[in-house]
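Paired with chain B in one complex and with chain C in the other, chain A is shared by the two complexes that follow.
Here is the complex of A and B:
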């Protein structure tokens, strides 16, 4: 019992601080790496503005176009299911919000536990479907490398350990919580240096696409 | 020109990496959805034609030279380098199987503009000596002769004489102070001189002051297609010099897809200063003349017609409504293809592909998509606004033994024009 308590304390203390520090510093480095490259000024007379079309593309790319959905329903559905399940679990589980409130001094209302529990199951199922798709869809299989599977594991572990801890399926409980925290720390540490960065950079990517198109009076 | 080497290629790739490129590569999660937007994948089913995969050389350069982890991996010898062998293998992917149609850039869920990056990656391919020989030849002819098809002014001059003799129209040449200076593509001069006659007819009716320029008539820009800013700059400069010499107010981009991209959008950046004249696409101008009532049409055709949107003009140029309004001027039975406007499917021959002999079999294979699109409409005439699309579609239909007449939209408008004279 003591060993597992020590483990939990370590994952809640030193390990957590180190992980958060690497995550934030890494995030800043990566975003700086991208934005500091800049963009050449364009001299052609514009047909439209950049800002609003950029914002519009940030929003519209959240939904798939009809043609893609018809051709690749599994990619689209598995993608939505796991992202939505993951985000609900991460952001609307009351203990998560309380931890955030303890650290940063503010929070937001959460969802009842049974709903979050269902969302976590959806997240797990969605991730498993996404993995199966990656392993069997010829295009995804050809494109995928070690990093794609690594980020899958990094995303899957916190959901899995959180689910197991919540349902007391690992004993003793401090060990379960410690494992959950450790999996999150692993995610945080590797986040800035892997494709997990798309969480943030997709806003840049969509904005650039929309803005460059908007300037030309082109729909994006 | 300096000799192409791997080192020069790598430097060219590096020069192309900007914030959008870094944001795009950082965001790609290999979801593979871009494949479904690309006719080279949908018609062959071969995963290697997945658009984002075509950018592997540029991606490696970005990762190894512009990210912390990539630099570290390179230092430790863990990175997979960009080699001559890799680039040779990628020539087919970056040229034969990509028309830079931009459809993938429209579906990417994280917002990556993939065709923007293909255009950039081709700069590295040229600098490393890995561009297709056929396109190199076309570029060479464009620089030395003035046209990728080797068309000299003499050829244009004799076409002008023909047109003037047959139609009684006047084709103004080198008239200083004219308002409009139309550009042409070599294909129009050789294959579709009707375009020049149509312009003359429409402009006479609309009372437009215009002139062709004897040393700046070629609109196509092989530099843009092959991916050489040096060549592209030289070709744009010729047009700018001609337009400035004649002091025109407008330069008209012809019925040609990439010419519009090169003169309207990339041109000023290539020569490093804004143009003292405006660039307008012929369809935009015709639509303006229609809206202001300066041209009118009559005897609308009841024949069922459909319109093929050239990618560079519609999806990448934003000229989508104008051709529709013009179609309504000439046809009472205009039908859209299922995916049209910004969702149009490429003819399969843009971006220099139609110039690559080795790519012909693949081009015919992927043309199936366009053929099916056309057939679904049940149209008995296909209208378009790009000489290259027109030739590629004609060849494609011939390959599949489909009889279907094609016409350029400008010609069609001229054909139905109400003329006072």
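Here is the complex of A and C:
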């Protein structure tokens, strides 16, 4: 009888606990796996320092690369628009900050809702543009596999359902909120086992690339 | 109660000194509150004026009598109260003078005399775990409800316990409590939820029944749409502060004094559908959010189990901090084992790279 309310309580209760547990355990194992992997010792003499080139690569690979921009402007623009929109929505929306505060014991100031609302729209538009690019650009299409479309859906659903819930476009509200939470739980569960892991590994990977080049004495 | 000679509601109101003008004002307010077109006001007035006293049997099960307190004491004396007084309340534990067999006889008499026409009002949840958890005159709540509802025109479940199971049904539900709708399936059931519900909602439902002989339009939870159609959040006068991102962080900080949004202090307004923000309480004096406390969500099903009253709505029901810590500990445990295995690989790899001297080879052979 009380379907939507039961659904909301389940997504706010059991389902969230299960999802967050899988997410945290998976995340730690994956990160630990990468950091502690038994790589064989390099016996060659280092030809330069690792530290500075590592830091430099973190910066240079974060900024758009001119060549890529010329060849595939949409990839760069959609990528930036989506990521900025998503990060603002995720990290600076007051209800989200309250969740982080409850989890970690500390929070930070948020943005007024209309600004977050605009950021969410940017995120959605960016994702749609990225998908369109993936489907129409022959190179992107060839490079894309099932996992790419899966992570696109996993990222798109929380933004979409969150937007619909905030604007109360799905009734009743408990159903809208429950769908939003369910989409996030799906994302959390699959996060450690897909390329969504780049959220945590990107700086590690960028530093490693630069550091290895530095050690070999080549330009990073 | 009401004089037996008074036949209609109009007579009762006139006798209590209610003017025609006051009565029409009430009809207009009720019509607008229930989202009826203005053209319906004269019809509403005419019907209410001529309305006979409907027989009402009030059943109290697993409840705290707070709903009765809310309905009988909050507005006194007002038109709502007079309409409430006007009904022929033939059976009500708290209000009836009779007791014991006489009381049960009054219920049976009312059921016989008004077969098919009386209203049953229920407050409280029905325990199914063991019939002995709640009995009246030796009968279980379930028996009484089934017997009384059989000849009723309609059933009104007053309060969240009757409507959804409420506090008795809260986890772990020791008595196996269920709502009226779980038992009564062959009669119209109106849920007037809330802990307690707003008095004007029940008089509104009664007025609708007296006027049209039918029950108002209901939402998915069986509640009158006119009163439960919009959320507290959408009608809240503090909503602009929510939109601007201005929140009270504690109950006595600057934000609280300035009347900013109570979302962070656990207000459940966004998920709660009720008329508090518009109808208000105590003759329109105030309502919880106006008095500085967030909405508890008391008109929603299972609100007792919807997480801490002082936790923001976005915070999950469980102890998220503990879940995260345990998961992190488990993750580190597995990772430590993996690292141990990796260490072995590393040592083996280093061994393979050890330079072998002539001496070593001599030792081996």
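In this text, the second predicted complex is superposed on the first by the 217 of 220 C-alpha atoms of A that agree within 3 Å, B and C clash if a C-alpha of one lies under 4 Å from a C-alpha of the other, contacts with A are read in each partner's own complex, and residues count from 1 in each chain.
Basically, contacts are C-beta pairs under 8 Å (C-beta built on N, C-alpha and C of every residue); 3 or more make two chains touch, one makes a residue touch a chain.
The structure displayed is predicted, hence computed values, not measured ones.
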Partners on chain A (chain B, chain C) - clash or fit = fit
Look at A:79 in the shared chain and tell me whether it touches chain B only, chain C only, both, or neither; answer first, second, both or neither.
-> first
Figure out whether A:61 sits in contact with chain B (first) or chain C (second), or with both, or with neither.
-> first
Could you say whether A:33 touches chain B, chain C, both of them, or neither, answering first, second, both or neither?
-> both
With the two structures laid over each other on chain A, which partner does A:193 touch: chain B (first), chain C (second), both, or neither?
-> first
Which holds for A:43: it touches chain B only (first), chain C only (second), both, or neither?
-> both
Mind checking the angle chain B, chain A, chain C on Cα centres after superposing, to the nearest 10 degrees?
-> 170
Check the residue A:161 against both partner chains and state whether it touches chain B (first), chain C (second), both, or neither.
-> neither
For A:183, decide between first (touching chain B), second (touching chain C), both and neither.
-> neither
After fitting on chain A: smallest Cα gap, chain B-chain C, Å | 6
Residues on chain A lying within both footprints (that of chain B and that of chain C) | 29, 33, 36-40, 43
Chain A residues touching chain B in their complex are 29-30, 33-40, 42-45, 47-48, 57-58, 61-62, 64-65, 67-68, 71-72, 75-76, 79, 134, 137-145, 148, 151, 193, 195, 197-198, 201-202, 204-210, 212-213, 216-220
Parts of chain B lying in touch with chain A, wherever the complex brings them together | 17-24, 26-33, 35-37, 41-42, 45, 47-48, 50, 52-53, 66-69, 105-113, 116, 264-269, 272-275, 278-279, 315-318, 320, 339, 342-343
Which bits of chain A are touching chain C when the two form their complex?
-> 1-6, 8-9, 12-14, 16-17, 20-29, 32-33, 36-41, 43, 94-96, 98-99, 102-105, 110-114, 168, 172-174, 177
In their complex, what parts of chain C are in touch with chain A?
-> 164, 179, 181-182, 219-221, 231, 233-234, 242-245, 247, 263-264, 270-271, 273, 300-302, 305-307, 311-318, 320-321, 323-324, 326-328, 330-332, 334-335, 338-339, 342-343, 345-346, 349-350, 353
